[in-house]
Amino acid sequence: MPGDWLYIGLFLLIVAIFPGVPILIAAFLAPRKPHPLKNQTYECGIETHGDTWVQFKAQYYIFALVFLVFDVELVFLFPWAVAFNQLSLFGVAAGVIFVLILFVELMIAWRKGLLEWV
Amino acid sequence: MIPLSWYLIFAAALFSIGLFGVLARKNAVAILLGVELMLNAVNVNLVAFWRYRAPNMIAGQAFAIMIFAVAAAEVAVGLSLFISIYRRRKTVVANEIDLMKW
Amino acid sequence: MNDFLEFVKDPVNGIANWIFGLLTGWGMAPDLAGGLLKLVGAGVMCLFGLMLVIVLIWLERKLYARIQDRLGPNRVGWWGILQTFPDMVKIFTKEYITPKGADIVPYNLAPILAVSGVLAVWAVLPLSSTIYGADLNVGVLYIVGVGAIGSLGIILAGWASNNKYALVGAFRAVSQMVSYEVPMVLALLVPVLLARTMGVNSIVHAQSVWFILVAPLAALMFMLTSQAEVGRAPFDLLEAESEIVAGFQVEYSGLKFGMFFVGEFLHAFTISLLTATLFLGGWRGPWAQEWPILGVFYLFLKAAAVYFLVVLMRIALPRFRIDQMLNFNWKVLTPLALVVLMVTALVEKILFDANITLQSAPLGYVLVHLAINALIFAGYLWLALSNQKQREIPVVGKPRPTAVPPKP
Amino acid sequence: MTLLQFVFLVIAAVTLLSAALVVSSRNLVHAALWLIVSLFGVAVLYALLDAGFLAVVQVVVYIGAIAILFVLVVMLSPVAPKDNRSQVDARWWLPGVLSVLLFGGLVWMLSLWQGFTSEVPPVADANQLLVQLGSELVSPNAYVLPFELASVLLVAAMIGAIWVAWERK
């Protein structure tokens, strides 16, 4: 088991290095001729107007919020699924009720119109 | 092998840094970031105690999972309050949110 | 001769054992030699993944061209198979243009994250019964976790570019990738439940009958949602050219842009590999157990078949609108996935108590699960269609003829 | 010093450093990104503690969901990135002293405890642990009530949070 985690650690290190190396190599191969006009922000050819970081709709946030709650709850279910053979009927029912709560939650959000894109 | 003390000192340091963030930062989101650090420090402690003192009982891991749920709920509500306050009062500074302070 | 046969059956482990023997023979500590070998293995696996992209790009361009009644690349090499190499030379010598006001560190980190988030999945993929990196007992969750790192790269790219289109692309990426992760995780729970394990290799071992036969709905949902995770057509809202220029990658040039490109192609093939592994039996096939090298062949054959479907979807379907995309996720896939999970768990428990498992009575087991899946799907279709009638589509504007003949 | 100790020290240093940057960087997006590095370090520590499941859950939940939510909110509020004023209170030294005192006090109190330097006992196979965790989470003699309550809590939090954040027309 520790061997597996060692492999994962090494793999993550390599995975971070491998895409970086070609980018660095290309930085040496590529020409470098900066120009104030060239380095402008590209927004359809017209000059950029105003600040980029303007306020966006809270709608994006709400979807991320629903996702957060679902994600946390679903992670709980993984050990339940792994231990399925050892579970009594009560245990299985507890897990199913857990999913049912999620389902009801989704229905509430739907009925309240929280899932509409406006 | 790593002794338990290393983990405990690490967690204490992480908790203290988080506490500093909560007390010293002005921005409401930054305060929440500090709270996240503190919750993580607690989680490290729980898992370390489970591993070193009671590896046969799974309690430490189960508690840590509950803390994940609590952290998620806290972030969800806290950030929503932040967005709502920002929309009404155009401020993110915790000191300026003083409508309840008389 | 016998040694040679063993070597042919499993060349990868043969070479690994040979190097290990060589290193320890030189007096290296076995632990260190083992660690070094793991490092080399990880490096070879990554390199293999990245080299595969060269073939994939050619393959996809060729398929694209065939469906659009063109020839595609056909000048460099046989059937244009070497076309990618001149393209690489070109992209390597392109200038990096960093836009004014960009946040330098996140800006440069984003393309790396976009590739590494995909490549990291390969750490737990079993290529055959003996050729695998790590048989992690939480492999499935690991796959979900590193997927999150990939979407983080896209958000960073959009934010750090100091460009409004890029930022809109990043927001769309969040709402899309993050939303589609919910049914994806739900669909992944089904094979975990059926195999009673999260280890990817153990899931392959458990599939004496392919899980696509036991859980066809979960397999279908996994394919759809992972396609959305990749962010290709019909789910390519985050880089929709006609709406937000190129989305999060608009300010990238040269190989930094190329890395996003590589990441996308690699991701498309990786989800095919995952679908093949989790639902199509992975490396399983005739004699795959005795001849591990055959397992690699079977796995890639299955993955290629899935990849063909993925590419076909990309070519044939038009892009969703953002509200359609979110509705499809939250009002179609997620409720369906929740119901599938609940019913599968209950049926599985009843069958397990009645001692009908995949090992003891495969035919009955598969038939029951298939029937349940068909029932859920039929019920769902019936519900959806009966709701369809009540809904009316709001008319935005009256259609009018484009050319009205002038009145005399 | 063994390899594990070396890995622990490196990871702990990186985690604490990025945690310090979380509470001190002026740009909030950078603070949120440092938080991600810090959380990843904690995930590695879980893996070192033989809690592989928690390590991946940390990545899925914290980095995949909570940190993304933070980044999103910071990007949603336009003042954050260009606000170059000091982000800490004028009296920042007071919490600073308090934190250092707390750290010192905690370490001092823990060092009095005789279990402070306990060595690591053997642990069951990782897969067995996972099965144990799964069956205890839904067992009536263990954690089934917190398990279901966590679900209800998250539902309540989600609905409340959406209600608060919803833009009323």
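Brief remarks follow.
A, B, C and D are the chain letters, set down in written order, and residue numbers restart from 1 in every chain.
Convention: contacts are C-beta pairs under 8 Å (C-beta built on N, C-alpha and C of every residue); 3 or more make two chains touch, one makes a residue touch a chain.
Just so you know, these numbers come straight off a predicted model, no measurement behind them.
The chain pair with more C-beta contacts between its two chains, of A-D and A-B, is A-D.
Nearest to the common centre of all protein CA atoms is the CA centroid of chain A. Per-chain Cα centroids separate subunit A from subunit D by 17 Å. With centres set at the average Cα position, the gap from subunit A to subunit B is 21 Å.
Averaged C-alpha coordinates put the centre of subunit B at 34 Å from the centre of subunit C.
Look at where the CA atoms of subunit C average out and do the same for subunit D: the two points lie 29 Å apart.
Under the contact definition stated at the top, the residues of subunit B that touch 2 or more other chains are 65, 68-69, 72-73, 75-76, 79-80, 83, 87.
Residues of subunit D found to touch two or more other chains are 50, 52-53, 57, 60-61, 64-66, 68-69, 72-73, 75-77, 80, 126-127, 130, 132-133, 137, 150, 154, 157-158, 161-162, 165, 167. Within subunit C, contacts with two or more other chains are made by residues 136-138, 141-142, 167, 171, 174, 178, 181, 197-198. The set of touching chain pairs reads A-B, A-C, A-D, B-D, C-D, using the touch definition from the header.
Interface residues of subunit D facing subunit B in the complex, by the touch rule stated above, are 2, 4-5, 8, 12, 15-16, 19-20, 22-23, 28, 31-32, 35, 38-39, 42, 45-46, 48-51, 53-54, 57, 61-62, 65-66, 69-70, 73-74, 76-77, 79-80, 86-89, 92, 94-96, 98-100, 102-103, 106-107, 110-111, 115-124, 129, 132-133, 136-137, 142-143, 146, 150, 153-154, 156-158, 160-162, 164-165, 167. Interface residues of subunit B facing subunit D in the complex, by the touch rule stated above, are 1-10, 12-21, 23-27, 29-30, 32-34, 36-37, 40, 43-44, 47-48, 50-53, 55-56, 58, 61-62, 64-66, 68-77, 79-84, 86-87, 92, 95. Remark: subunit C residues 34-35, 38-39, 41-43, 45-47, 50, 91-101, 108, 111-112, 115-116, 119-120, 122-124, 133-138, 140-142, 161-165, 167, 171, 174-175, 178-179, 181-182, 185-186, 189, 192-193, 196-198, 245, 250-251, 254-256, 259, 262, 322-323, 326-327, 330-331, 334-335, 338-339, 341-342, 345-346, 348-349, 352-353 touch subunit A in the complex. Against subunit C, the residues of subunit A that register as touching in their complex are 1, 3-8, 10-12, 14-16, 18-20, 22-23, 25-27, 29-34, 36, 38-44, 48, 52-54, 56, 59-60, 63-64, 66-67, 70-71, 74-75, 77-78, 81-85, 87, 89, 92, 95-96, 99-100, 102-103, 106-107, 110, 115-117. Here subunit A touches subunit B in the complex through residues 58, 61, 65, 68-69, 72-73, 75-76, going by the rule given at the top.
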